[in-house]
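Just so it is clear, A, B and C label the chains in written order, and each chain counts residues from 1 on its own.
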Amino acid sequence: MFKKKFIYLLPILIFFIIHYLSVGVKAQDNFFPITFQDDLGVEVTLIKRPERIISSAPSNTEIIFALGLENKLVGRTDFCNYPQEVAEIESIGLMSPINLEKIISLEPDLILSFGGFQAKDIPRLRELGYKVLVIEAESLAEMLHSIELIATACGITEKGRELITYLQERISTITNLSRNIPESKKPRVFTGSSYETIWSPGNGTLFHELITLAGGWNIVGNKQGWVPISPELVAQAEPDIIIVPSGIMNPEEINKIKRDIINRPGWSRLPAIKNNRIFTVNEDLFYRAGPRLVDGLELLYEIFHKTGTE
Amino acid sequence: MMNNTESNPIISLENVTFSYSSQPVLQEVNLSIPQGKFIGIIGPNGSGKTTMLKLISGILTPQKGVIKIFQQDIRKISRKKIAQIISMVPQESYITYNYKVKEVVFMGRIPYINQWKGEALLDYQISREAMEKTDSLIYAEKGIHQISGGEMQRVYIARALAQSPKILMLDEFATHLDLNYKYEIIKILRDSLQEEVQCIISVFHDLNLASYCSDQLILLNKGRIEKIGTPHEVINLQTLEKVYRTRTHIIKHPKLSIPQVLI
Amino acid sequence: MKSFIKPAQNKLYGYSNWRYKALFIIIFGFCVILVIGFIALNFGTIAIEPKKILSIIWQHKTDDSLGLIIWELRIPRLIMAMLTGMTLACVGGSFQGILRNPLADPYILGVSAGAALGACSVIALQYITGLYLIPILPIFALVGAFISISLVYLLSRKKSHLPMTDLLLAGVAVNFFFSAIITLLLAISRREIHSMVLWLMGDLSTASWQKVFLIVFPVFLGTMLLISSSLELNAMALGEEEALHLGVQTERLRLKIFFIGSVMIAIVVSFTGLIGFVGLVIPHIARLMVGPDHRIMLPVSALAGSIFLIICDTIARSIIAPTEIPIGAITALVGAPIFIHLLKRRNEHDE
C-alpha cells in the first residue's frame, strides 16, 4: 500500500524536480550576460556564468573561498595560503610576472587579477580573449566592494550580499565600541619593520584604517601612504603599543625582531618597550584586501583595549 | 713662371682669404699652378701650409676669393667628382678598426664605386698595382694596426694612388720613412707624374727634402706668399732669415746642385 | 726594390669575392635562426613535444590551448626577439662606424633615455591618476624617444652642420639629464618602482602579433638603409677628413645614420624596454668573425644579434621558470664570456 501511494507521488515529484531545475536554469540565463566595470574602470562583459576561475592574488583567492566558489577555482598563486584547502588547487606560480602559458593551459573563463605590478600583463590576457577583472582595494569599503564585484561576476549576488552584511556587522560592532573611547585613552600605536629603513603605513593604507577603526592612534597617521620614517620620529612619538607584522614580507624570526626592537638605541624609554607591549601579528590579516581584514580589525581591538602587558 | 698665368693652370687661387675664427690664416693669396710639376709648400709653423692644402681639396671654404680646379669653380663640383680628381695623403691618421692593408688601399676606389652595382675587376687591379708600386704588397693581408709607421705611410700613398688622381696632395709624407724609403717614394711619386697624375703638391717641413723633390717651391709666411720659384730662387739666405728668423748656411749638394740648408 | 709578387689568384688580384661570401653567410645565418628558433619554441612552462609543435605550426592550429600558447605567446615572442636583436646589433654597428668609436652603443645618442622617461612617466601617471594607461605605454615611450632625438639634434647642430663630437656630447648630456629625472621618479614612486625597473631592464614578455606587425616593416627597411651605407662607413673609419677626400659627404651620412638608427631603436625600445650589451658587443663579435668591412659586418651583426637575443630570451624565461630573469642581465652574462674568448683567440692568432 505504501508503495502504491509512492508511485502516484513519483510523477508529481519528477514534475516538480524538472520544473525547479528549468526555473533554476532560466534564472541563470536571465542573469547572464552581464556587463560591469572593474576597479580600473574597464568594462567587462561576461556571457555566461564562469566555471573555471583563476585568481592571481591571495586576496581574491580568499574572497572566492569565502563566497563558497572554491569548486570553480582552477588556479591560484604560490602566495595563496588560506584556507588550507587552497593547496589542492593548481598553482600558476608567482604574482609577477604572471605565467601566461600556465594560465592559458588551465583554460579559464574568468581571471581575477590584481592591479599594480600585474597591470602590464593584463592587456595581453585581454588581447588573447580572456575575461579579466582587475580588483584593487585599498580600504575596507573597497574590499567589500570587491566581494560584491566578484559575487556579481559569478552570478551569486545574494551570497555576496550575505557575506558583506556579515562582515559589516562585525565591523560595526568594533567601531561602535571604539567610538566611545576618548582620545586620551587611545593607545599610540606604531607598526613597522626592524630593518634599517622603517616603512610604516600612513593615511590611505589598509593598516592605518584598521588601527584607527580599532580605536588606536597611528603615530604616522599624518603622513600619506607607506612612508619611510626615522627611529627618532618613533622615539619622539612615544608609542604605547608596537605591532610587528610577520609573514612573507617580514620573514625574519619573530624573537629576533623583538630583540632588535627592544635593543634599538634610543627606544628604551618608549612606553611600549617599558611595558613590554610588543605584539606580533600575522601580516596576511593586514596586508591582504580580503575578508580576513575584519579578523585583523578584531585582533587589533583585542590588543589595544583588552590587554595590559603581555 | 708661377705667378704668370700659363695657359690652363690646373689649380688657381684668386684672392683667397681664409680664417678659422677671427684671425685670418691665409690672406689674399693669388696662385696658379701649372701642369706636370712637383710643387712643394714650405714655411714656418702656423704659416698656413696645411690650410692651403685643405682649401685646394675643397674641405675648407674660403671666406673670400675663388678656387678653381681645371678652370672650374670648386664650389660647383660635387664632393665625389673632386675625389676623382684630387687625392690626399695625410700626415698621420688613426684608423678605427683593424682593416687589412689591401682593404685600406681598396678604399681609394670608393669615389668610383656605386654602392649597388659594386666594384669592377678594374678596381681590384688598380688597387693591386698601387700596392705594387709602393712596395706594400707583402703586407696586403696584414691588419693595419699591425704594421709600423713607415709601412703605414706607404699604404696611405698606395691608397692615394689607387684613387687615380689627377692631382696628388701630400702632407709631410716623409715623417716616418726610413732613409731608403724616402727616396724610393719620391721616385714613385715622380714616376706617377709621367702617367695619369698631372700635379703633385706636398707640404714639407724638411727644407732639404723639399729642395730635392720639388720643381717649384711656395714659401708661406704668416698667411701670405713670401716667394715662389725654383728651389734655387726661394732658398737663399736673406729670405730664410726673414721668414725663419735664424741664420743658416746654404750649400750646394755635391752631386745634384740643389740648395741644401745647414744651420 | 720590387719584392716578389705572388701570381694573381682567380683573376681577382688577391681580393676575395665578398659577395659570394656574404650571400653564403646570410643564407647560413637564416638557417641557423630557423633551427634555433624552433628549439626555442620547445621551452616554456608548459611542456609541449617537438612533434606536437611541428604539427601545430604546420596546421596553424589555434583552437586548443596548446596551439594558443605556441601561436599567440611563443612565436610572437620569438619573432620579437629576432627583430629586436637585429635592430640593436645593426644600429650599434652603424653608430660605431659613424662615430668612429668602438665603445658606442645604440643608446649613446640619447634615444633610450627619452623612451625610458616616457615609459616610467606612464607607469607613475597610472598610479597617480588611477587611470588604465598601460596599453598606451609604447606610445609614450615612442614620443619620449622622439623628444630626446630632437633635443640631441638641436643641441649639436651648428648652422647646418652636424659635427661629430658635438653629437656625441649632446647624446651623453641628454642621457644624463633624462636619467636623472628617471632616478627621481624611481625614488618617489614606491609602489610602481617594481614595474619601472622591470621595464628598464628589458622585457619581451608582452610581445604579440600586433606589436610584431608594427615593427617589422621599419626594422627591415631601416636595416636595408643602414647596410646601404657600408662603403661610406668604411671610408669614415679612415678618418673624417680622409672620408671627405674620398668623396663621402660626412655631414649627410652622419645625419642619415643618426636619424635612421635612432628611429629604429625608438620603435623597438618602446615595446621591449632597454636591452643592453647587444648593440655594443655583437658588432665587435661580427668584426672578429668576418672583419671590419661594413658590407659584410653589418648583415652578420644583424643575424648574430637575432640569434643571440633568441638564445638569451629563451634562457631568461626558462632557467628558473616561472620566474623571468630580466633579459638585460642574461645578455651581459652570456655575451661577456663569448666576447672575452673571441678576443683571446684573436690575440693568439696575431702573435
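Just so we're on the same page, a residue touches a chain if its C-beta (ideal position, glycine included) is under 8 Å from a C-beta of that chain, and two chains touch if they have at least 3 such contacts.
Everything numeric here is computed off the predicted structure, so don't read it as measured data.
Chemist: Taking the mean of each chain's Cα atoms, which chain ends up nearest the overall Cα mean?
Modeler: Central by C-alpha mean position: chain C.
Chemist: B-C versus A-C: which interface comes out with more C-beta contact pairs?
Modeler: Here the pair linked by more C-beta pairs in contact is B-C.
Chemist: Distance between chain A and chain B based on Cα centroids, please, to the nearest Å.
Modeler: 84
Chemist: Roughly how many whole angstrom separate the Cα centroids of chain A and chain C?
Modeler: Each chain reduced to its C-alpha mean, chain A and chain C end up 44 Å apart.
Chemist: Residues of chain A touching chain C in their complex?
Modeler: Touching chain C: residues 40-42, 92-94, 96-97, 99-102, 104-107, 116-117, 119-124, 127-128, 225-226 of chain A.
Chemist: Inside the complex, what are the residues of chain B that reach chain C?
Modeler: Against chain C, the touching part of chain B is residues 54, 57, 59, 79-84, 86-88, 90, 93-100, 102-104, 106-108, 110-111, 113, 115-116, 118, 121, 124-125, 127-128, 132, 135, 137-138, 140, 143, 146, 163, 180, 184.
Chemist: Chain A touches which residues of chain C in the complex?
Modeler: 44-46, 65-66, 68-69, 72-74, 126, 130-132, 134-135, 137, 190-192, 194-195, 198-199, 205-206, 208, 210, 321-324
Chemist: Within the complex, which stretch of chain C touches chain B?
Modeler: For this pair, the touching residues of chain C are 1-3, 5-6, 8, 11-15, 19, 100-102, 228-232, 234-235, 237-239, 241-242, 244-249, 287, 291-293, 350.
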